[in-house]
């Protein structure tokens, strides 16, 4: 397929490369051109302008936040206006539900197909085409883009017809991870303050009741207090905690555990640990116990 | 080995039976005699008196709470006084850390060996000898009792030399499960209030990032809102939430997530749902969102 | 003085009237003209257009929220553009800190003086010119507007030079009230569930340690469970809870008690009690205890 | 009247002295005799034995906690057994509701009159006979002891017929104070992190909406961060937070705000600030915001 890719950050870069490797014609654009050029060797093509990337069968956008998507699609670059008549916009950015609704509305008004397709996985999973992808939008558009998803993800799930549902899905998933971090932080702290080494607990739980990647991977980081380099920073974790609470607000659904995650990340932020891994919210828990 | 068993409840009954099946000589005692007699067909022997069950190589106690253990070991029956000189007391009850310390102190003073050996697993796991057992106490005593543990558990982990450590371990494990219930409850509620069916989310998460028994089993109960019959009741969950908070208090370790679990179980209790499964704390979360 | 007044809601109406009564020339504008005309008998003048109200010595705006202020000052009506060269804009609306910053910036760029002057008090206090007013902005502009404040408030405090400080001040004040509601709700519930009548407690506390208007007034509402008619609705309380949490987010200051207030109001909202008095967050507390 | 007094700590000492000053015959006993002798100059009499203090018209006990009351009344000294036939026991200690129930039961079984009469006020208020006293028990006994209460308190309120009700009352009152500390801590922190001096806010609120002793007194301590010397320590505050949560547990009444107070005091404790004033829970709030 002929596909554009807007936004070549830590996730976008390997995703675009995998699309090219899978044989698709990929036209990339990034605000700083240097990142685009790295795609050339993988067979990608650098767009002359952002508009230029929006005229194939589909165009992915993988940007930092609401503001970035707003600026590129509604602001100066006006990519919404530049979309080809048949081009499907696949929005993979982690954005707010409110903005996802606005994006949906704007595409509908302009008669463009929009899919929301946020992903789960760290850059290494993107590299290995092992992402988990949650897609929502018109089923016919999803069907047409299936080959693209297959080039990126080990698993693609269809969440619903309304694009914002995929954003809720993504935020709920990140919340579930944050909840596991908080739980591990509290359990390990209880043990350390009770004079115990939490390692036996970690080993036991992650091979029995909690034998799952999140507990195994993050549990090990928390056990070792290895918060640098970050796979996903406190800053990004806090952004997502805010988004999940905003989604909960819209839905009138109190989420007290999300509040705790948010507050602990906010403390980490206030203490200048913006760039530590977000699993370091467990460090806030430990410090609150005097460790 | 020659082993006694005090307390034949939903867990104790199958545990005693498995000891007998494994070829050990088992002498059981229960406050209501009827339960003891069920052991006869498995080859067990009914003790003439509780003291009678305390004179072999080891004696298990599997009782409801601090008060039950206190009454049997320190009160009227005075089993601490009745312990044979070489008999190792294996305490498998889920008790408070404070009481575990007192129990430890009393055994030390009376020169008796004490092991704390609480278990993870529901009655069906006890039946199948598939428990996970956390043992703490003198390593020599642990070594001697190993054949007994092997008859009960698929995995036995040694937590430390001080018996109360195993109680902290058990409480921390139950806390981790409660945290997962709360997290699932909040995530599913967010979805339902956002107009989505949480099933796709459940299916995705429990086959990828959270592909672990706790999320799979309890997630399904919460999804179906199937809170009867209870595998583990609100009442028992609340008891454990209190114990973990008491342990945190002793250790000076704030556990805000444990507070939430406690409060939601307390609401379920206050609403008369004592006998629902403790995963119904997710129902409190849902009701707080108007569902 | 010659003063305009934009927004004649439950608070704006009596405030504009008091300005007129104090001898100022008042030109009012409201989106629905009927409300403006009620001012005529108090000696006010109805503006031909909103712009018309913005050309005297000062113009108050007292609008519902960020969106209303944005629409009137930056949107279609473009009142920022219509401000007289010497006209001081006195913003009394309860708005977000982020929007207050933007408003400040826009006035600075357009070389107009802006004062933030949110008020504490219910409509009855506005009526009686007994408001408490928190003012922030250039001290010279504050000095010039002093006669206006004196016509409205029993007490005017100067919070600082930067207008958004007054908005933080207002939100912090409302938070303090919300905290008292939550505290009273929990204390009364504890008593009722302990088989006691909380009235003696209310009487004792509000005449000794807590002998202050907030505890006396709201305490009585909660005691009587008299949540209709609302002095200040759940909907408005929730709006303010969101604003205080947004301000806390900007300041990197975790506010766990504000989270609780927010969540209880959100539950009231989810249960369809939008129009009850916000002190009914105590009802959510009571229901969580099975009352 | 002829009255005994057991426990001459920071509160008991001035209370016993005021009883003597009011013309009552006071017989005091304290575990360390030195404290008793200070009463001599006020006209008090030092008991030869604790039993000796229990034979007049009434005997006050003002002890540190459940354990102290248990040891003196049920343990070695067995004061319950030593009570004169007509002697009314007035328990002023801050004890748990569970223990208050047990105390009530034991007095009923032994046919002795028990009044619970905990007090509000710091040692300086005790000195000045300006306490607020909450009394519960048989109304006839209350009537007989009225002259004693009048010698101690500026206000005595009758809470009910069941003694434990007064203990709930006392704990709820302390909770209300703790809630105000938390609220002030969060509000001041929000301001400081927003670049503002919270003093104007303090001055405004404590002369208007919150013009009450608790906000004025504690607000000033928090503003100045003056946490030494303590009027009431973190250790004592934490003890009371535990008691209120235990009372809530018994009553099946979730108290999320009490959890926050407890957790912040626990952090202060874990950081070694046991002897700071309990208003320093505001310091934990500030540190969580990076201050």
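General observations
Should a chain be cited, it is by its letter among A, B, C and D, assigned in written order, with residues numbered from 1 in that chain.
By definition in this document, a residue touches a chain if its C-beta (ideal position, glycine included) is under 8 Å from a C-beta of that chain, and two chains touch if they have at least 3 such contacts.
Since the structure is predicted, the reported quantities are computational estimates derived from the model, not experimental observations.
If you compare B-C with C-D, the chain pair joined by more contacting C-beta pairs is C-D. Centre-to-centre spacing of subunit B and subunit C amounts to 53 Å, using the average Cα coordinate of each chain.
The mean-CA centres of subunit C and subunit D are about 38 angstrom from one another, to the nearest whole unit.
Annotation for subunit C: residues touching 2 or more other chains are 193, 248, 252-256, 263, 266-267, 269-270, 288-290.
Contacts between chains leave no pair untouched here, as each chain touches all the others. Of all the residues in subunit D, the ones that touch subunit A in their complex are 193, 256, 263, 266-267, 269-272, 284, 288-290. Residue ranges on subunit A touching subunit B, taken from their complex, read 97, 120, 132, 134, 155, 157-160, 162, 164-165, 168-169, 171-173, 175-177, 179-180, 182-184, 186-187, 189-191, 193-196, 200-201, 203-205, 207-215, 244, 247-248, 250-258, 260, 285, 288-290. Considering their complex, residues 242, 248-249, 252-256, 259, 262-264, 266-267, 269-270 of subunit C touch subunit A.
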